[in-house]
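In what follows, structures are represented as structure tokens.
Look for subunit A in each of the two complexes below; its partner is subunit B in the first and subunit C in the second.
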Partner chain A sequence: MSVAQVASSGSSASESAAEPEFLEGSEAIARAMISAGCRFFAGYPMTPFTEVLEAMAKHLPAQGGSCVNAESELEAVGMAWGAAATGTPAATGSTGQGLSLMQESLAEITYARLPLVVLNMARAQGDYFQATRGGGHGDYRHIVLAPKDVTEAVYLVQEAFHLAAIWRNPVLVMGDYYIAHTWQSVSTARIDFGPEPDRSWALDGATGGTGKAKLISPIADTKRGDDVGYDLAEFYGRRGAELDVMGREVQPRAETGFLEGADLVVVAYGTVAQYVREAVANLRADGAKVGYIRPITLYPFPTEVLRNAASSAKAFAVYENNRGQMIEDVMLSVMERADVRFIGGLSVDSSGFGIAPDLDVTSVRARIQTTLEEIS
Partner chain B sequence: MRREVVLTGIGGQGIQLSAQLMARSALASGLFVQVFGSYGGMMRGGNTEATVVVSDEPVVAPPTVERAWSGIVMHHDYSEATLARLRPDSFVVVDSTVFEGELPQDLRRVSRVPATALAIEVGRKQVACTVLLGAFAAITELVPLESLVGALPAALPAYRGKLTELNREALEVGFRAGSDIARRDAVDGASRVAVP
Partner chain C sequence: MTTRSLPIIESTSAPTQAAKLVDDFTPGLINQGAHHLCPGCGEPIAMRLIMEAVEELELAQKTIAIFGIGCYTAYSNNLDVEVLQALHGRAPSLATGVKRSLPDSLVLTVQGDGDMVNEGLQEVLHTMARGESVTCFLLNNGVFGETGGHMTAATVLGQRTKNSLEGRTAQEHGYPIVISDLIARLDGAAYVARGAVNTHTNVARTKKMVKEALAVQTAGLGGSFVEILTMCPTGWFVDTLDAPDYLNDNIEPIHRFGVVLDRSDDSRHHGAGR
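Coming up: the complex of A and B.
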């Protein structure tokens, strides 16, 4: 790529080229969302989500979309909810802190059966429970995707729009400061994931009396015929069953490495997993019997992949940049088949943006090494 | 071939711009590049650092590296974690005008360039890191001067376009200072201090 090409391509995100461009992760994610068809985006600035919001504000209007810097996360998710109800591919996001404010709406949007993409440009990995269990009310689930780097984020963000459309459900994509601030050469061209169902459910402005009015609500999509109101038992039962099908049919995914003959399997997700992979590769080169599993879908969790590894491994070590959250899903997957230990821990610098001073291949390798000695 | 460069300084010195110039220059040479830029909330004076990985193969590396082939050191504040990534044989260029800290004792390839003083001579102290980048290019030969200059339009934000010429001059001044160091080093193998 010549300098002249970099200069000219750096100024416009119009139709994203298939040729890789040198982009910051936040910009690449924004362009990927637009390529995936996103035409409404709302958010409130908070590092490292701010960078995505800025890029969306820069590029989305030129594609006929709307990007709103809302007055808070509460308004942002409300706007995204409204846009999604009209059938417009929509997204919102924040850091985990901002998503805390959005939880009520995220629960209701799920019950209202609306496709929505939600970014958590997280500060460290303390939001695993928030992402996979949800902080809102009721019996709902979100599909949760966890890229390890910019290239994978560009892919998964686009797939998130597809999955949201297929399942009419929010899909959460977990990013972080590292992904937002890493520059790589990536293509953000549209990826075709196949046909999507029509959006005939979407509100089109038709009102009561026209015979074409539709109802989108977290408690019903139709009124009872006897005019007494809503049948919540029927609605919650039906919606819950749909969520069950989603949880069964969305293919869980994980990257694995060096599992052959591994006594110890290290489990990590997102950016952290890049450090784990390098540490494990180094240890393998030195003859250690260690492998790794990186869950890519946090919900549905790749239970089978872990269970299969547990048939030969003695122990699992979970590395998360938090005090231990995903370890619960690892334990539920492995059950009593192998020992499960936590080797991570929260590491953030004084900015609080999610930069982790402890996140270093040397340090990760030392913790794995210690665990290997303990189980031998 | 894989080269890791870590840059450290304080907000306003041009650390992120220098990382971008280096990256885009390497891209123009057909190399693969990954950059991770990290900085706090302050525009001026806060911590800022960058990790650049240049390779002749697609880069597969975490955003930060455990050991670096070279370092660009613009300020002592917040530099500890970055300095810890340097190894005895890493190339290190230091802005001797402002750096007042201690470098690790075992570093064998340290070049001290009065980058801020030279930048003031060029006309604006804010281009100090561009001066040091020019010196770095001459000493390490990682990227040619011409492609650094060529990368300026894409790396500078649009509203800084009028500073292209000043930065070009800064790169050239730094490159000359770095060339002097490299030449003297080739002769006596010892001196690595640029004369302002």
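Coming up: the complex of A and C.
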């Protein structure tokens, strides 16, 4: 039985309606990608990314797309690179370990100015540096979006395709085990983010033999047609300037709560932030002067939001399910206007998948309370 | 396209007089015939015959050429077909993504033996095993030419390179991979051939192989693969004039000329993808 036949026997992504359906996060993300126009996907199984691949393999062929079960993450990202070069909305992904394998290509794809959506269905939050600094070589940046739950993931995954197309740049969406496997009632219908930019840069073969055949390369964007070759200094300078513009113009986003009169601001992202928000809300109800900031864009980082909060808050506490990575961006934003402390820590179960025993409102609240006492 | 007959020089004997320009014909799909590769390099000849085949089959406006990283990469700059530049080793995966997205295009890859057989062996094997309807070209000169002549997985036993100075030995360096024969064992491959550009006869034979491979792709029969043995006198530590014979005497006995697999008349064989 072909993959397409399997897809046609079940409900297909084309049926994604505005009506909410009860879906597992991975299935919802896959349907959202297809609703956003994704027509090429390649991946390699790895928990907790696996079910996204399963869902894409099931649904994409019926939409006229292609999902390739690649021989490794190296090839998955290469295939997505090729598809992206034809202007086909393309995506790949893995968990952090698999993304480590992809980093060389992700760097080159960025220099080559190709739109691509990359999912990191991460284990815990140890991949913040990989995501925001890039594990690859050279000067490059990816837009990084960090949803807190399935509903937001469905939205941000669709927006990722739009941002990738606008900026001709990879966009990384940070998921995790919880988002991959939580069942939630959600609509995966197409969201309109406005007009799509033209894709006249894409390859289709048609300019061959015209004297102006196109080139897509990480070291040049136009053939010189000579025997001298490319000017890498010129290209890297120009590409770097484009990346600077992207970093300035993409609107940083953060969710905030209880910042009014807060002495302590707790900063967290992703699933973890939901526990932090609940703990902060409980403390506020008890009269504690504590607020909350959740960066939604990890790059560009919502520096202004933190800087403004720093004008009145005495201290910041950063809660991450790792040994302290985003805290560097918090410190760079606050710039010594306030004290910055780390109250998180790596918390995984024996599987290492990021199912965190410390993710408990009582436990998070206790850490925040301790910090409040220390700064008072 | 115009063709002009050129005088044929017997390559096994040294010229008796200094070279003089008798013609400066450049194929239509190469913007600039001049190159900065070493004298005696076989790669420009290989690139030229691939481009001549594309032009003669009238496929230029469907072609997307995906380049690996090696000396031949310089040609990405002056071919008049669309080019997608890959990382070292990764061209066949990019080709898979391109072909799956544009099933009617002609997708070809150009890699050297370091690129394909060392860095990216897994890529070409899986691409051919799946039977992607793409054509992979290997320019095999038995060395990493661009770094200055270092041993690859295709370097034959006894061959001297900069990191096997006394010659490759099985005990110290292991055995070479004879890639075309390996690929011919894969069910997804439809056409596999090995040619060379060291004599005018071999150039003509190899061009037929290239055209056959491209025809197999356009017929959607599965993966097609042509290995082209090219001279690298610099990396082989031999005189430019001796390189064609060095290829015959040292490389061809291991990487044998000829069509290794041909399923072009098996209409039941078909490629992967749409």
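Everything below uses one rule, namely that the second predicted complex is superposed on the first by the 355 of 376 C-alpha atoms of A that agree within 3 Å, B and C clash if a C-alpha of one lies under 4 Å from a C-alpha of the other, contacts with A are read in each partner's own complex, and residues count from 1 in each chain.
Heads up, the rule we're going with is that contacts are C-beta pairs under 8 Å (C-beta built on N, C-alpha and C of every residue); 3 or more make two chains touch, one makes a residue touch a chain.
In this text the structure is predicted, and so the values were computed from the model without any measurement.
When the two complexes are overlaid on their common chain A, residue A:G194 makes contact with neither subunit B nor subunit C. In the superposed pair of complexes, A:G229 makes contact with subunit C only, with no contact to subunit B.
Judged by the touch definition given at the top, the superposed model places A:E75 against subunit C, while subunit B stays out of reach.
In the superposed pair of complexes, A:A85 makes contact with subunit C only, with no contact to subunit B.
With both complexes placed on chain A, subunit A has more residues touched by C than by the other of subunit B and subunit C.
Once both structures are placed on chain A, no subunit A residue is touched by subunit B and, in the other complex, by subunit C.
Taken in their complex, subunit B has these residues touching subunit A: 20, 23-24, 27-28, 32-38, 40-41, 47, 59, 61-64, 66, 81, 147, 150-151, 153-154, 158. Listed in rising order, the residues of subunit A touching subunit B in the complex are 1-3, 6-7, 10-11, 22, 24, 47, 177-178, 181-185, 271, 274-275, 278, 350-351, 353, 355, 357, 359-362.
The part of subunit C that touches subunit A in the complex is made up of residues 28-29, 31-32, 34-36, 55, 60-64, 66, 74, 76-87, 90, 92-102, 105-106, 122-123, 126, 273-274.
The residues of subunit A lying in touch with subunit C in their complex are 39-40, 42, 66, 68, 70-72, 74-86, 88, 90, 104-105, 108, 112, 203-211, 213-220, 223-230.
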